[in-house]
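In the two complexes below, subunit A is the common chain; its partner is subunit B in one and subunit C in the other.
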Partner chain A sequence: MSIQTGISRRLALAAGFGAMMGAAPAFAQAEIKLGAVLSVTGPASFLGDPEKRTLEMEVEALNAKGGLLGRKVRLIVYDDAGDANAARTFATRLLEEDKVTAMIGGSTTGTTLAMEAAFDDAKVPFISLAGAIQIVQPVKKWLFKTPHTDTMACEKIFEDMKKRGTVKIGMISGTDGFGKSMRDQCVGVAGKYGIEILHEENYGPRDTDMTPQLTNIKNKAGVQAVINPGFGQGPAIVTRNYRQLGIAVPLYQSHGVASKQFIDLAGPAAEGVRLPAAALLVADKLPDNDPQKKVVMQYSADYTKKTGQPVSTFGGHAYDGFHIWKQAVERAGTDNPAKVRDEIEKTKGYVGTGGVVNMSPTDHMGLDLSAFRMLEIRNGDWTLVQ
Partner chain B sequence: MPELLQFAFSGLTVGAVYALVALGFTLIYNASDVVNFAQGEFVMLGGMITVFLHLAGLPVPVAAFAAILITVLVGLALYAFAIDLARGSGAVQIIIITIGASIFLRGVAQVVFDKRFHALPPWFGSEPIRLGGAAILPQSLVVLTGAALIVALIFLLIDRTILGRAILATATNRLAARLVGIPVRRIVALSFALSAAIGAVAGLLVTPITLTSYDVGTLMALKGFAAAMLGGMGSAPGAIVGGVLLGLAESFGAGLISSKYKDAIAFLIILFTLFVRPQGLFGKKSTERV
Partner chain C sequence: MERLLRSRWALVLALAFVLAALPLVFPSNYYFRVAALVNIFALAAIGLNLLMGYAGQVSLGHAGFMGIGAYAVAIGASRFGLNGAVAMLAGAAIAGLLAFIVGRPILRLKGHYLAVATLGLGLLISMALTNEAGWTGGPDGMAVPRLELFGTRLRGPDTWYMITAGALVLGVILALNLIESPTGRAMRAIHDSEIAARVVGVDVAAYKLKIFVISAIYASIAGSLMAFLNGHITPDGTAGFLRSVELVTMVVLGGLGSVLGAIVGAAMLVILPQALTIFHEYEHLLLGLIIMASMILLPRGVIPSLLARLRGGGA
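Right after this comes the complex of A and B.
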């Protein structure tokens, strides 16, 4: 008898445990799980690092205010170090082990495209923070993105040129991924704006002297402006060499160098350089009636206070991705991935750091050219070109 | 015509730096038969240390002097803790050690400094000098003058001093040098110190033009190595001629042929030299001694 009762007691105990175990997932359901695979370290850390800090800051602020739909948001971040293979592995882990209901991340185009299929299979919405137009063209059902594209930067520059009556230009581009991609996009849309590229030159990502190439551009008759799609230190050296040779026509740089570091590196040579950039960069210079003024000032102040670092447009992309997702969850009233996806696609009039977002079933980015501001460097600082 | 002058000045400036790196290769190669692939990192250290000491508030000349000293110490440490310890091993093993040292130095620089690009103010302003339709930066003249001075000093040292004789003797025959009482290990250490100093000077002279970051050394070492091969490994005049020729070939190649393949020119030159004249322009044909 006593043995029997012992067994039954043990069984009861086990059953109790089972009930508790069963209850545990239900308990965890109270949290909304948001995944993020970012390139926090490695060569793309200038993208992933501010993105991670931004997401952490926003999630913390949201949870401090009581969370989302009365539930806490748990952010799960993995660092792919810029490696597309690692990103793919982390994407699977987020979906199968962590069971996230949405994903913000993919710092680079490479990691984004590597992870896309996993989220498509799992039917979980994925908001990418990478630049290339291939991410949203053609539209993929579960994939969205917040940053503007290289094509838009080209269009913004050509729009400015057209306004000034510039039609014949020279181009010098870096042979790195960014430079090459933007060069191709610019060549692609030049015709649409009636721009003719008279002469083209290249430079390697590690070149230290571009005077021979620029001399050829200078000697090409009829060039009215020069555009330099590029990234890193190359455009700074191009700018220095450009002034050294005394080339008189205007120089356009790309959004790839829209940071204070470019002005520091190029020094006085940067004077008069024009480039397209997100409103975030010139937050304090925007007129008060600018729709983005409030959000960019707020984010800029919060980020600087929290991290002690100057704000970057890349962190801004993460900010926009987070708030687009947050508002979609609020509208859906649930974190059900399919319903949240539908609401993300219905995002209209969201004013973010990257511009005003109006998504649709055919546009999973939702930005237009007004997202870019044309800037000119004056006295070592940005000024808005009206 | 003015564009040719422009290409020439561009090539001379870059070539002068390649020549200094090649000279560093040559000094160490002569003293120890080792090709020191950490030579490019000396150039990086010269630039980066100057930048960071300048940012910390030191005036550029003081920062530059300190950068040379620190780089020399790094060169000596490289000799003492890596090369000297492995002195029983063959040249290939030691060359691989220098590649490891180069990766190590780059990694340390990444942590101690940062991963961004940095510039230094030019010594005599950034207003270019116009000459026959070409525009030359005053800093280019500084680089050319500095390189010429270093080359002159090295040749004086080797030709006119007892120490120089000892270096020459070590280069010619290490065993014989030891037998006549030359402290060969100290001479090899000295060659590392000299190479480090030359690299550091090259780095800090050229940073106002080319900018610098923790990883500029790799390409510098490759280009300097190509220059040394072209001139003839082990020949000091060859290193200088090789460097200048390589710089000119790159800038004329980029200007007249295509800028897409600028870096390929250096490597084509290495291949061509190895096929056609493996001993280089100034190198002696190597003969097996019996």
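Right after this comes the complex of A and C.
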């Protein structure tokens, strides 16, 4: 009897979760179903949380205006907590159970790559919100992405260095996923801009003092600038140590620290630091004739009003993904996954928070270097470098 | 009834029957995938339960062995051109060897030294997988080539459900046989009283080491199966510290020293997060509450507590 109890319990559990999931509403026909697997909690929640809020806000606004093609849009969000295995399960669930016709999400590169095959098999378009270049290189038929890549950030920095006549640089990078990836991308494109990396150092994501590494860079003769690919508190500590050591050459940070928090953490030491960032951060400082001015001001105001929190570029990626998908559905006149995919690929001149998007069969991101603005921190605030 | 309970073949047959019958009621591939994950985690939990429930030792880095199994098939197939099945066995061998090397000095000591050592080992494996990006693809993970057996490419959750179900049944048979063998009797003696076991001539350290190695191999095989099922693996998803904690939770929740308990524990921790998504923001809260309630009401784990209650009620 007891064995049966254990087994029937297992069956009951299986039946229980089956019943909960099978409860799809009967009026589903009329709705357009949009799926989103995001890292709303866990270590990547700083990405997933604003993405989820943005998608919910945009879907609500769209439905209030009568929806898409006269149909309501239903957004189905699952939280993978940053776990690639969970993301893959939710991807299968979106496709098999919820029968979504498109997907926006994958907050991190790991979860995106874990889910990619599921959408490829099901032939459903998937717009990722993660950074790494592997997502769109090589091009995968059903996979797109909205954020700029780390390579582009490196290129923007090198472009600025060249303008200032800098050719020999030092580099100190974090060993976290972001720092590592960007370091590799920077090394990869340095040659293209004639930049020579004379000396390299790195630090762990939880290190609290980078003075020894920076001393090595300081002692290296001929270094004309230093670049710091990194994320979180590391770059703020690097910036403070950099000033304490009195290193005179310019310091470049990455788009990974493009938030007010960095200025607060680094304090006066941040003065004069340059970094590439999306237009969204400096919405109010953009000149009126800037093509992105209108969209970033609008999104920024809506988001702050709705959530009471400052905008982040990550929420902006979700905004862009949603509107690229929305416009593709409008052009296709249907939510048929294959037709929507073709239209997403034909996106031209979409002006979003991340830049102007021009996609093609060989470019599933569609951004160029103009997506980044070079910023300099002056008097504790961002200023645009002209 | 007591005899039926004691018969290991009754459990195996019942499990095989349920696993074979479930596909008849599964409406979609999603159910196959969730069920396959239950099988995989159950396999790892059974191995860990041998160590925790019989040898009385906790491993806080067991996901590290899963990571070895997962990356063995990914790296073996993509960089060395090994067949996936061969790579899986190689991974199991590496995991077993590592467990032997780490366990040999530590298991001679009494107390929770193994817990600390495995905690460190798990973190080290996870760090190595994250940092050796040239081999492992770094924190973003790497793709796993599809397993090819006898000229056919194995893909799709339904196929992997069948394979993992077969592996689980095999794992259960091996575990039950081990428990009934002289080794198992020695283990139970150690668990009841280490001193008494030593007095009657049981080589405590050697038996503990044996079980530790076996449990590492179980975890490695589970990791390989997960890699094949997912087709893409990340260090955190396979070898992360939270994964280790999850495995320990499965064992404790289902019941220490119960093979069926490990399966139930794995099923609960895999299925509950899926079932609770309808509660949106409250899903984590509810999951915690369910686990807490289960531990308070069924303190020895789901299966042993229920069995004890049934026996008590019947007598």
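Basically, the second predicted complex is superposed on the first by the 359 of 386 C-alpha atoms of A that agree within 3 Å, B and C clash if a C-alpha of one lies under 4 Å from a C-alpha of the other, contacts with A are read in each partner's own complex, and residues count from 1 in each chain.
Rule of thumb we're sticking to: a residue touches a chain if its C-beta (ideal position, glycine included) is under 8 Å from a C-beta of that chain, and two chains touch if they have at least 3 such contacts.
No experiment lies behind these values; they were computed from the predicted model shown.
Of the two partner chains, both subunit B and subunit C are touched by A:175.
In the superposition on chain A, A:110 makes contact with subunit C only, not with subunit B. Once the two complexes are overlaid on the shared chain, A:211 sits against subunit B while remaining clear of subunit C.
Once chain A of one complex is fitted onto chain A of the other, the partner contacts of A:194 are absent, as it touches neither subunit B nor subunit C.
In the superposed model, A:232 makes contact with subunit B only, not with subunit C.
Look at A:264: by the touch rule set out above, it reaches subunit B but stays clear of subunit C.
Between subunit B and subunit C, C touches the greater number of residues of subunit A.
The interface of subunit A with subunit B overlaps its interface with subunit C at residues 175.
Residues 3, 6-7, 9-10, 13-14, 115-119, 121, 126, 128, 130, 135, 137, 206, 209-211, 213, 216, 219, 251-252, 254-255, 258-260, 262-263 of subunit B touch subunit A in their complex. By the touch criterion stated above, subunit A contacts subunit C in their complex at residues 1-7, 9-11, 13-14, 16-18, 20-22, 41, 78-79, 82-86, 88-89, 92-93, 95-97, 108-110, 113-114, 116-117, 132, 134, 175-177, 180-181, 184.
Residue ranges of subunit A in contact with subunit B, taken from their complex: 45, 175, 201-204, 206-209, 211-213, 215-216, 219, 232-233, 236-237, 240, 243-246, 261, 264-265, 267-269. Touching subunit A in their complex are the following residues of subunit C: 1, 4-5, 10-11, 14-15, 18, 22, 25, 27-31, 33-35, 37, 130-131, 133, 138-141, 143, 157, 226, 230-234, 236-238, 260, 263-264, 267-268, 271, 273-275, 277-278, 283-284, 302-303, 306-307, 310-311.
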